[in-house]
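A, B, C, D, E and F are the chain letters, set down in written order, and residue numbers restart from 1 in every chain.
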Amino acid sequence: MIARIIIDLFLLLGCFFAFAGVVGLIRMPDSFTRMQSSTNIATLGVLWTVLGVAIYAFMNNNIAFGIKVILIGVFVVITSAISGHAILRGAYKHGIRPDNLVVDEYRRDNPDE
Amino acid sequence: MILVNYIACIILIVLGFYVILTKKNILKIIIGMGLVDYGINLLIISIGFNPGGTAPIFTFSELRPESFFVDPVPQALTLTSIVIGACVTAMALSLVIKIKEKYGTLDADKVRRLNG
Amino acid sequence: MQHYPILSIVTLFLGAFLTVIFGSKNETVRKFIALVASSISLILVLMLIKPVMIENNVIQYWMGNWRPIHDWAIGIGLEVDSLGLFFGIIAVVTIFLSIVFSFRYTEKDSETDKYYVLFLMLSGSVLGLVFTGDLFNMFVMIEIMTFAAVGLTAFRNYQEGALEAALKYLVLGSIGSSLVLAGTITIYSQVHTLNMAQISALLFNNLTPSTLFAFALLLAGYSLKAFVVPFHPAAPDAYMSAPSSISMAFSGMVNKAGVYAIIRLVYVLYHAMSFKSIQLLLIIIGTITMFVGVTMALAQNDFKRLLAFHSISQIGYVITAVGVSTALGLTAGLYHALNHTLFKGLLFLTAGAVFYATGTTDLNKLGGLAKKMPQTAAVFLIGAFSISGLPPFNGFVSKWLVYQATYQANLAPVTIVALLVSVMTLASFIKVAQSIFFGQMPKEFENVKEVPLSMRIPMWIMAILCVLTGIFPNFVTKYLISPAVSAALNVGKYIDIMMGNGYAEKILGKPVEIPAVDYVLAGYWNPVAWLVLFALLLLAVTIVAVAGGFNTASLPVDGDDSKYEVFFGGEANEYSHVKGNDLFWGLKYDLRHYFGFMHDAHSGIINDYALWAIFTTTIFIVYIFLLVP
Amino acid sequence: MNSIVILNTLVIIGILISAFLTVKFDNLLSSIIALSITGSFVALEFMLLHAPDVAIAEAAVGAVLSPVIFIITLKKVKEGKEE
Amino acid sequence: MSNNRKVKDVIVKTAADLFTPIALVLGFYIILHGHLSPGGGFQGGVLVASAVILIYLGYGYSEVSKRFNMEFIKKNEALGAILFTVFGLAGILYGSVFFTNVFVGIGNVGDLISSGTIMFMNDSVGYKVLTGVGFLILLMIGLLAPDNEN
Amino acid sequence: MIEFVYVGIFYALLALMLLYRVLKGPSVVDRAVAADSIDILTVVALIVFSIFSNRSIYLDIALVLAILGFLGTVLIARYLEGRL
C-alpha cells in the first residue's frame, strides 16, 4: 500500500512538472525562454514518471520491464539535452535573439561565428 | 472508439487529397501523399482491431489465459504499406531534387513542358 | 511443372539482384544475365501452355505449404489459370523481345546497370501480378511495377521532360495505389480473407454497400494502372520520354497488367456478368477512352507521343469488348489485348529504331527515311496496317470481333464509334508514314543507316507474329483465347480447384457453364443494318463538320489564320510542302473547338491530373451506389 | 476500457490537428515538422490499437526517416535562400 | 569559408559517439529478435541505417564519405535480396514448395534460434534494408556535399 | 493498475496543448521545440500504456522513439544554422 502511494506520488510529481513545462512552453514570451521551459518536461517530468513506473515493475517482478524503462528515461534525458543545445545554437545562428537582450555573451566568446 | 478512427482516417485521406489537388508546390504535394498514406495505414489497423485484444505476439510470462489477439493480417499489410510509402517518398524526393536542378522551380504550374 | 510459375517470377528477380552484384562494371555480364533470366522465364511460361491452356488445369501453389484449413484460405497462394497464363505469355514475349532490342538500343546511355535491374524487376512484378491468387499480393506487385516503371521513365533524364513525366507518373500512380489498397482492405474487412477464389465465393449474391464501395475503389485504382481515359494523362508523358524498349514494355505489360486486374476484378471477384450497370460502366469508359485517345493522337507532332495516345485508344477497345461481357466480347477483348501487344510493341520498336538512327522522333523534322531504312519502314507498315485493322493482319480480326460483339449486344452506337476510331487510326498512321518514311528527306539525314541486326530481329519477330495471328485466327482462338475466356467465365471451377472440391458447389449452387461460342470470323453480315450504320456514321460526321463550321474562334494550335483560307489552286508557297503537322489541318481546323478544349485539358499540371483521377473515382462511387444494387 | 477510449480519442484529435497544421502551413519546414508530429501521433495510435510492429515501423519511418530526407531535400532545393 | 564552417560542435559529436553504438545495438536486436518481439528486418534495418545520420551530424560529410563505400553497399543490398530468395528456394530444394520453413524443430519456442529459416529470412531482409536505407541516406547526404566543400 | 492510463491521458492532453505552440509559434524554432517536446510526451505515454497493458515488448517502440527522436530536431537545428 505504501509502495502504491509512493508510485502515485511519483506519477503526480511527473505530471506536475510536465504540466509546468508545457504551460511554460505556451506562455513564455520569446523563443529562448520557451526552450528553457521545454527542458522541464524532458528532465523532471519524464524522470519522476519513469521512476514510478520502474518501481511498479520491480514490485511485480518484471525486471526486464523496469530496466528498459530506466534505460528509456536515461536516453530521453540525454537526447533532450543534446537536441536542446543544437536547436538553441541553430536559433541563435538563424538570427533569433532574446527579447530583452542586454549582454550577448555567446557573441563575445565566439566573435568569428 | 473505432468509429472515431474511421472518421479520422477519412478526414486524413481527404486532407491529403486536398493538398494534392490545390497546393502548387511539388514538395507539398509529396507531403500530401504522405498524409494519404497515414490515413490508409490507420484505416487498415483500425479494421484489424478487436476491443480488448492484445498484440499478436506470443510471450509466455505476460499473457493471461483469457487474453486474445487482435487480427494480425492487417498489421502485416500495414507494414508493407508503410515500406512502400517510405519508398514512394524517397523516390519522389529524389525526382524533386533533379527537377529543381533542371527546371529551376518547384511550381507545378511551371513544370509542364509536356502538355497537349 | 508445379514450380514453374514461381520459378519464372523468382528467376527475373534473381536476375535483377545478380545484375547489381556482378554487372555493375561489365556491360556484357549485364546483357548476359538479362538474356538468360528472360529466356529462362520465357521457356518456363511457355512450358505451362500444355498443362494449363490445352489440358485446362489450374495450377495451385500455396507458398510455404500453408494450405486452406477448415475451408479457410490462410496462406498466400499462386494460381495459374488460363486467363493469368494468357497475360503471362503476353508479358514474357514482350520482356524477351524488349531485352533483345535494348542490347544495342541503350548503348549510347550511361548507367545501363540500373536499366537492366529496373527492367527485370518490372518484368518480375508483372509476372507476379498475373500469376498471384492473392488480392494483397496484386497490390504489392502493382506497386513494385509502378516503382520500376517510374525509375525507367526517368532513366533518360537528359531528355526533355523525362523527370517531369516520372513525377507525374509517380504522383498519379501513388493515388492509384492508395485507391487499390483502400479497396483491398475494405473487402478484407467484409470477408476476412485475401484469397481471390474465396473472396469470389463469399461475395457471390452477397454484395453489401461496403463491398460495392470497394469495387468502385478497386475499379478506379486498376483503371489508373491501365490508363483508361480520365486517368490517362501520365501515360503519354511516360511513354514519350522513356526509352522505346521501355515504352514497348509499358504498352505490352504495364497496361495489360491493369487490364488483367480489371478483368479479374469484374469477372472473377464480383461476378459482374449479372450486373448490367457494371457492364455499361465499362463500355462507357471504354468508348470514351477509344475516342479521346485517337483524337488526341491525331493532333500530336511527336511519333512516340502519338503512339502513346494510340495505345490508350486501343486499351479502350479492350475495355469496351470486355465490358460487353458475353463470351464473344471477352474473346474480342483478349484477342485485341494480344494484338495490341504485338503491333504496338512493333510500332514502338520502329520508333526506337528511328530515334536510334536519327536522334529525334519529331514528325516535323523527319521524312523520307524509307530509302535509308527499308526494313524498318517495312515493319512499320506491317504494324500500321495491323493497328488500323486492314484485313490480312491481326488488327482486322480482333476489331471485327469487337464490332461484332458490340453489335450483337445491341450497342450499335458503340460499334459506330469503334469504326470511326478505326478510321481515325488509319488516318493518323498515314500521317506518320507520310512524314517519317515517305515524303521529302531533310538534308541532315543523308548518312542515316539501317539499325543493327539485334534491333531488327525483335522487330521482324513482332511483324511475323502480327501476320501469323492475323492469318490463323482460329488457331489462336482455339489454343490461347478460348481457354482464357472459359477460365474467366467459369469461376466455379477456379474456386473449386483453389479451395478444395465442392466448395464452389456449396456456395455458388452450380458452376457457371459457358455457352459454346461460334467464332464465325466472316462476320455478322446483315446488309440493311450495316447500311443504316454507315448512314448514321455519315450523318454524325456531317453534323460535326457543319457544327464546327459555324465557329469563328481561332485555332488554338497556331494563330496564323491565313493558312486556313481557301486557295483556288494557287497556294501560298510556304504552305505547299505538307509537313506532318499539316496533313489533317482541315479536320483539325473544323474541329478546332474540340481539339482546343482537349489541348487545354491536357494541361501538364499535376494538380489537374490528380483532380481528374479523384473526380472520376467519385463518379464511379456514385454511379455504383446508385445503379448496381 | 472507457479510459482507453478517451486516450484514443485524444490521440486521434492530435493526429487530426497536426495533419491540419501540415496542410495549413505555407512554410515548408513548418509543414515538415508538423508531418513528423503526425508521424509520432500515428505511432502512438498504432500502439493503442495493439500493433507494436507497425508502431516501430511508423516511428522509424514517420518520425525519423521521412523528416530527415525531407529536410535534406528542402535544403537542397532551397539553395541560398532563407527558409 | 571552409575554415569558418568547422565549428567545434563537441556536444553533438559526443552524442554521436555515444548513440551510434546504441542505435546499432538496438537495430541489430530488433532485427535478430524479429520473430520473437515486435520489429523485424525492416524496422531494425532503418534503425541501423539511421546511425549514418548520426555519424553525419557528428562528423560531417568528409568522415561519412571516408567510412562508407557506396559501390560496396549497393552490392551488399543485392546480396541481402539474393539471400532472401535463396532461403525461399531452400523450400523447393528440400522437396516442398517455395518459402517452406525447412529447419523446423531446432531449439525451444522463445529461443533466438528456434524458428527455422524464418529467422534467417528476417535477417536477410534486415541486411537488405539496412544497406538499402543506408545507401539512400548516404545518397541524400552526398547531395549536400558540394555545399560543404565550397 | 488503472491510474497509469489516466497519466497517459494527461500526457496526451499535454501534447495536444503543445500543438497550440506549433500553430502559433512565430518562428520555426518554436515549432521544432514543441515537436521535440511532443516526441518526449509520446515516449512517456507509450511507457505508461505498455505498463498498463502489461506487455514489456511494447517498450521497444518507446526505446526507438527515445533514441532516435532527437535526430530530426538536431537536423532541423543544423538546417537553421545553415551548415547542414
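Methods note: a residue touches a chain if its C-beta (ideal position, glycine included) is under 8 Å from a C-beta of that chain, and two chains touch if they have at least 3 such contacts.
Nothing here was measured: the structure is a model prediction, and the numbers come from that model.
Across B-C and A-F, it is A-F that has more C-beta pairs touching.
Subunit F has its Cα centroid 49 Å from the Cα centroid of subunit C. Here the spacing of subunit A and subunit E, counted between their Cα centres, is 31 Å.
Remark: subunit B and subunit D have CA centroids separated by 11 Å (rounded to whole angstrom).
Subunit F has its Cα centroid 20 Å from the Cα centroid of subunit B.
Residue positions 28, 32, 50, 53-58, 60-61, 63-64, 67-69, 71, 74-76, 78-79, 84 of subunit F are each in touch with at least two other chains. Among the residues of subunit B, those touching two or more other chains are numbered 54-55, 57, 59, 79, 83, 90, 93, 96-97. Looking at subunit C, no residue sits in touch with two or more other chains. Contacts between chains, counted with the stated touch criterion, involve the pairs A-E, A-F, B-C, B-D, B-E, B-F, C-E, D-E, D-F, E-F.
Those residues of subunit A whose C-beta lies close enough to touch subunit E in the complex are 75, 78-79, 82, 85-86, 112-113. If you check the complex, the residues on subunit E that touch subunit B are 36-38, 40, 42, 109-110, 136, 139-140, 143. In the complex of the two chains, the subunit E residues touching subunit D come out as 30, 38-40, 42-43, 46-47, 50, 53, 133, 136-137, 140-141, 143-144, 147. Of all the residues in subunit B, the ones that touch subunit D in their complex are 1, 4-5, 8, 11-12, 15, 18-19, 25, 27-28, 31-32, 34-35, 38, 41-42, 45-46, 48-49, 51-57, 70, 75, 78-79, 82-83, 85-86, 89-90, 93, 96-97, 100, 106. The residues of subunit C lying in touch with subunit B in their complex are 136, 140, 143, 147, 150-151, 154, 157, 160-161, 163-167, 170-171, 174-175, 177-178, 181-182, 184-185, 188-189, 192, 194, 236-237, 240-241, 299-300, 599, 602-607, 610-611, 614.
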